[in-house]
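In the part that follows, the structures are each spelled out as C-alpha cells.
Shared chain: chain A. Partners: chain B in the first complex, chain C in the second.
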Partner chain A sequence: MEIKILNLTKAYGDFKAVDDMNLSVEDGELIGLLGPSGCGKSTTLFMLAGLTEPTSGQIFFGDKDVTKVPPEDREIGLVFQNYALYPHMTVLDNITFPLINRKVKKAEAIERAQEMAHLVQLDGLLNRKPSALSGGQQQRVAIARALVKKPQVLLLDEPLSNLDAKLRVETREEIKRIQQEVKITTLFVTHDQEEAMSISNRIAVMNRGVVQQYDAPQAMYLNPINAFVAQFLGMPQINMFQAQVTGRGIELDGVLLRTREQLESAGKKIADGTYQMGVRPESLELCEDGFIVKADNVRMTGRDLLIFFKIGTTEFRALTHSDLQLREGDNLCLRARKNSLIIFDADGSALVKC
Partner chain B sequence: MNRKSYKGYVYLAPVLAIMLVFTAYPLVRAIFMSFCEDYSIINGSYKGINLENYADLFKDKDFRKAITNTITYVIFVVPLSVVISLLIANLLNSHIRFQGLFQTLYFLPYVTSVIAIGVVWRWILHSQYGLLNSILNFFGFESIGWLTDRNYSMASLIIFAVWKSLAFDIMIFLAALQGISPDLYSAARVDATPRWRVFFRITVPAMRPIIAYAFVMGIINSFKVYNEVFSLFNGSAGPSGYNSAITIVFYIYDKFYNNYKYGIAAAGSVVLFLLIMFFTAIQRLPGRIRARKEAAQK
Partner chain C sequence: MKSRKPTAIIAEIVKYVILIAGALFTLLPFVWMVLSSLKSGSEIVAIPPTIIPTHFMFSNYAEAWAAAPFPRYFLNTVFVATVTTVGVLLTSILAAFAFARLDFPGKKIVFSLFMATLMIPGEMLLITNFVTVTKLKWVDTYKAMIVPWLANVFYTYLLSQFFSSVPEALYLAAKVDKCSDLKFLFKIMVPMNKNAITTVAILSFIGSWNSFLWPLLVTNSTNMRVLSHGLVRFQSEAGAQYQLIMAASCILVVPIVIIYLFLRKYILEGMAYTGVKG
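Up next, the complex of A and B:
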C-alpha cells in the first residue's frame, strides 16, 4: 500500500508537534522515522493510525483519503512503544483478539494466530500470559497481533527501546525479515540512528516537528542536507568546526585543509569568510603529506581506534583501523579524504562538499 | 529468641499493648459475656455460665428477622452498588465535559453525614409529598408507602443504602481506572473491539483486585448496617410499631442500651462476627482458586 502524507500538521495550542509534513512511501517500503525525543515521531505515527486527529493536512493510503477514517477501518497494524499487550489474556488470545472482533470464526482465528506465531517464532509460548515472557518475546507477540489481521500498513513505535543491546540488534533483523516475508509497507519510529540506517529503505529525519531530510540511509549519511542531519547521523559524531575560506583555500588555525583548486573543483563558488564545516571521523585518514597533530587521547573501541586531537582550540575525533600502534602524545599525519568536507552556510544548510 | 528479634518486639510493644487493651480484651470479654446468664455490667455479676443467651437469641423472632434482613441487605446492596459504581466510574472516566464537576457530585454523599442524607431521603421517599412517588404517579403508578408500609421498609432501605455506598465505590474504581494504560484502549480501538468487549475483557480484568476489595469492604460494612436504618426511619427500625427493617447491629444496640440485656447483646455480636467471617471467607474463595490454578500453570 502506498502512503502519501500531504501538509500534515498537528498543533497543541501554539505548539506544533508536527509541522507541515510531506512524505510519500512506496508499496512494501520500510521507512524509518528518526529524530530526537519529542520531535513528533509518535504523533506522526498516531495520526497515520487514526488515533490522533490531525489539525490540518491529509493522509492517503493508496488512492483513498483516510484522514477521517477511524483506526479500526484503516487496515493498519500498530505496535506500541510499550507493546500494550492485553495483560490478562494469553498470548494466543492476544493474537486472536483482532480477528474475533472482526467476527472471524474461532477455529480459523486460532489457525491464523498459530501461523503468525510461527512466523515470529513464538511456537510453544501460546498459552503463557505476557508477564511470563521476555521483552523480546512480548515484542514479537505485539508484532504478531498487529499482523494477524493482514493489514496493509504496519506502524511500529520504538519497538526496540525496551530491549538490551544484543537483543535489539537481533530483533531489528527479525523485524526486517518479517517485513520482507510479508512484504508490508512499514513505518518504524526510532531515535537510534544506527537502527534506522541498518534496516530502513528510506529514512525521514525529523526535528521539532519538521522533516529535515527524506532519503536512503547511505545517501543521507554521505550528503546530509543540513548541520542537524549531519550531526544526528553517525557514531562517533561528525566533527563540526568553524574554518576560514581564504585565497589559499580552507584554513583552520594555520592548517590548510583544502587548497583553492580543491575547493573550486567542487563546482560551487564559495565567498571568502568564516563557515561552519563538518568532517566525519572516519574521513580523517593517515597519510604522508597532510597536517601533523598530536594525539591527546587514544581509545580502543574494538573494530576501530578512536583518536582525539586538536587543531588550534578545536577538538577533533578520528577513526583509524585498530591495528595502528599509537600512544597518547604521539604525533600523526592526517588529511581529510577527498569529497568529505561539508561546508554549511549561516542557517545550517549544506552548501557544498569538497 | 535471638537478640535481634527481641529488639523488634520492644518496638512493637506499645502498639501491641494498645491493641490488647482496646481490641483483643473487649473481644474476649464480649465472647465471655455471651455465655453469662443475666450478666450485670455494673458489678460484673452473673447467675451462671451456659448457653441461655444463645437460646433466648434464637427464640426471639426479632433476632431471626434481624438476621434475614441483614443478609437480604448484604445480598442486594453490595453487588448492586459495585455494579452500578463500575458503570458510573467508567462513564466518568471517558472524556466527557464537566468531568470534574460530575466526579465531585458523585463524591458528595461520602463526605456528608448519614443523618443529613437520611433527611433528604425521608423527603424523597415520603408517601404523600415524596419525589419518588411523584415520579411513579407521573408514569401512572400508584403511590407506595415507602416508609409507612412495612412491606416496603427493606426495599426503601436498600435503595437508600445503594445510593449512599456508590460514592466510595465510584471513587476507588475511578482511581483504579486511571491506572490502566491508555495504550491498551488505543490498541483495542485499532483491533476494532466493541465497547462491551473492551469493558469485559480489558477494564474488568484490570480492576479485578479493586472489585474484590470493594466486595469485601462492602460485605463487612453492610453486615454492620445501623446508621442507615436509624436515619431513614427516624431512630426506629421501621414504620412506628414495626421492626420490619431491623438489622443485627440495630438489634444488639437495642438489647444493650434499651433493654439492658448485656448477655444477649454480646451473644448477638458473636453471631454477627461469625457471619462476617463466614461470608468474607466464601467471597475470597474464587480468588484463591484462581491463584492456585495460575500457580499450577507456571
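Up next, the complex of A and C:
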C-alpha cells in the first residue's frame, strides 16, 4: 500500500507538533521516522493510525483519502512502545482479539493466530500470560497481534526502546525479516539513528515538526542536507567546527585542512570567509603528510580506537583501527579523507563537500 | 545466615506483639458472641460472668431460628443485597469509566459535584430518601430497599482511580483492534481491575447485609423485613434474651464469613491496593 502525506499539520495551540509535512512511501517500503524527542515523529505515526486528528492536511493510503477514516477501518496494525498487551489474556487471546472483534470465526481466528505466532517465532508460548514472557517475546506478541488481521500498513512506535542492547539488535533484524516476509508497508518511529539506518529503506529525519531530509540511509549519512542531520546521524558524532576559507585553502587555527591547490583541482569554488564545517570521526585518517596533533585521550571501544584531540580550542574525535598502538600524549599525523569535509552556510544548509 | 542486630530483633518482637494485640482486640467480640450464644439465659447475665459456658446450649440456635421467620428474612436479605450489589457495580463501573476515559462537556464540574456529595452525612440522605420513597408509594417494597443504593459515589471514585491507572495505550490498541468502548470496558478494563471490583462488590454486599435502619424505615410487613430485624425480636419490655440475640447474630454473620473465605485472596489484594478499610 502506497502512502502519501500531504501538507500534514498538527497544532496544539500555537505549538506545531507537525508542520506542513509531505512524505510519500512506496508499497512494501520500511521507513524510519527519526528524530529527537518532541520532534513530531510519534504524532505523525498516530495521525497515520487515526488516533490523533490532524489540524490540516491529508493522508492517502493508496488512492483513498483516509484522513477522516477512524482507526479501526484504516487497515493498519499498530505496535505501541510499551506493547499494550492485554495483561489478563493469554498470548493466544491477545493475538486473536482483533479477529474476534472483526467477527472472524473462532476456529479460523485460532488458526491464523497460530500461523502468525509461527511467523514471529512464538510457537509453544501461546498459553502464557504476557507477564510470563521476556521483553523481546512481548514485542513479538504485539507484532503478531498487529499483523494477524492482515493490515495494509504496519506502524511501530519506538519498537525497540524497551529492550536491552543485545536484544535490540536481534529484534530489529527480526522486524526486518517479518516485514520482508509479509511484504507490508511499514513505518516505525525511533530516536536511535543506528536503528533507523540499519533496517530502513528510507529514513525521514524530523526536527521541530519538520522533515529535514528524506532519503536512503547511506545517501543521507554521506550527504546530509544540513547541520542538524549531519549531527543527528553517526556515532560518535560528526566533528563540527568554525574554519576559514582563505587564499591558502581551508584553515583552522593555523592548521591547513585543505590547500588551495586541492580545492582547485577538485573543482570546488568557495568564497573566502568563515564557515561552519563538519568532518566525521572515521573520515580522519592516519597519513604521512597531514597535520600533527597530540592525542589528549584514547578510548578503546573494541572495533575502533577513539582518539580525542584539539586543533586550537576546538575538540575533535577521530576513529582509527583498534590495532594502532597509541598512548595519551603521543603525537599523530592526520588528514581528512577526500570529499569528507562538509561545508555549511550560515543557515546550516550544506553547501559543498570537499 | 545473616546475623541480625539486637535492635532489629526487638523491633520485630514489638511489631508482632502489637499485631497480636490488634488481632485479639478485633477477634474478642466475635469470640464472645459465639460463646455467649451457647450459654443459658441465667448464665449470660450471671455476675461474675463466665467465659466458657458451663452447659453448651445448642438449643439456643433452634429457639432463635424459630422465634422469627428467619428463612423469609434470609431470602429478603440475600435478594436485596445481591440486587443492590449487582446494580451498584454496574452503575459504578460505567460512571467510573466515563470519568476515567471519556471526554464529555462538563466532565470536571460533574465530577466535582459527585465528590461534593461525599461530604453529605448519610443521616440527612435518609430523610430525603424516605420522603421520596413515600411519595413514590414504594413503602414496603423491595424497590424501596434497593433503588436508593444503586449508585455510590465512593465506589465510582475508587474505580475511576483504578481505571485511570490503566495505560492509555491499551485503550488505543483496543480501538485500532475494532473494539467499542463498552466492549473495551467489559473485556479489558473490568478483568484487569477484578480485584478492585471484587472489593467494591464485597463492601457493597456487606453494607447491604448489615443495613438495619433504612430497611426498617421503609418496610412495615413481616414479609419484607430482613435478617437484622430478626435480632430485635428478642427484646421485649421484660428485657432482652441475650443468648438468643447472640445465636441469631451468629446465624447472621455465617454467610458473610463464608463469602469472605472464598474471596479472601481478591479482597486482601484489593484492600492492599486501595488502602480501604473493610
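Convention: the second predicted complex is superposed on the first by the 347 of 354 C-alpha atoms of A that agree within 3 Å, B and C clash if a C-alpha of one lies under 4 Å from a C-alpha of the other, contacts with A are read in each partner's own complex, and residues count from 1 in each chain.
Keep this in mind: a contact is a pair of C-beta atoms (placed from the backbone, for glycine too) under 8 Å apart; a residue touches a chain by one contact, two chains touch by 3 or more.
Small disclaimer: the values here were computed from a predicted structure and weren't measured.
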Combined model on chain A: chain C and chain B, fit or clash = clash
Should A:A49 be classified as contacting the first partner (chain B), the second (chain C), both, or neither?
-> both
So, does A:A132 touch the first partner chain B, the second partner chain C, both, or neither?
-> first
Go through the superposed model and pick first if A:P98 touches only chain B, second if only chain C, both, or neither.
-> both
Does chain A have more residues touched by chain B or by chain C?
-> B
Chain B versus chain C as contact partner of A:E72, first or second or both or neither | both
Residues of chain A contacting chain B in one complex and chain C in the other = 49-51, 71-72, 76-78, 80-82, 84, 86-88, 97-98, 101-102, 145, 149
Where on chain A does chain B make contact in their complex?
-> 46, 49-51, 70-73, 76-78, 80-82, 84, 86-89, 97-98, 101-102, 127, 132, 145, 149
Residue ranges of chain C in contact with chain A within the complex = 167, 169-170, 172-179, 183, 188, 191-192, 194
Please give the residue numbers of chain A that touch chain C in the complex, ascending.
-> 49-51, 71-72, 76-78, 80-82, 84, 86-88, 97-98, 101-102, 145, 149
Chain A partner, complex, touching residues on chain B are 181, 183-184, 186-187, 189-194, 197, 201-202, 205-206, 297-298
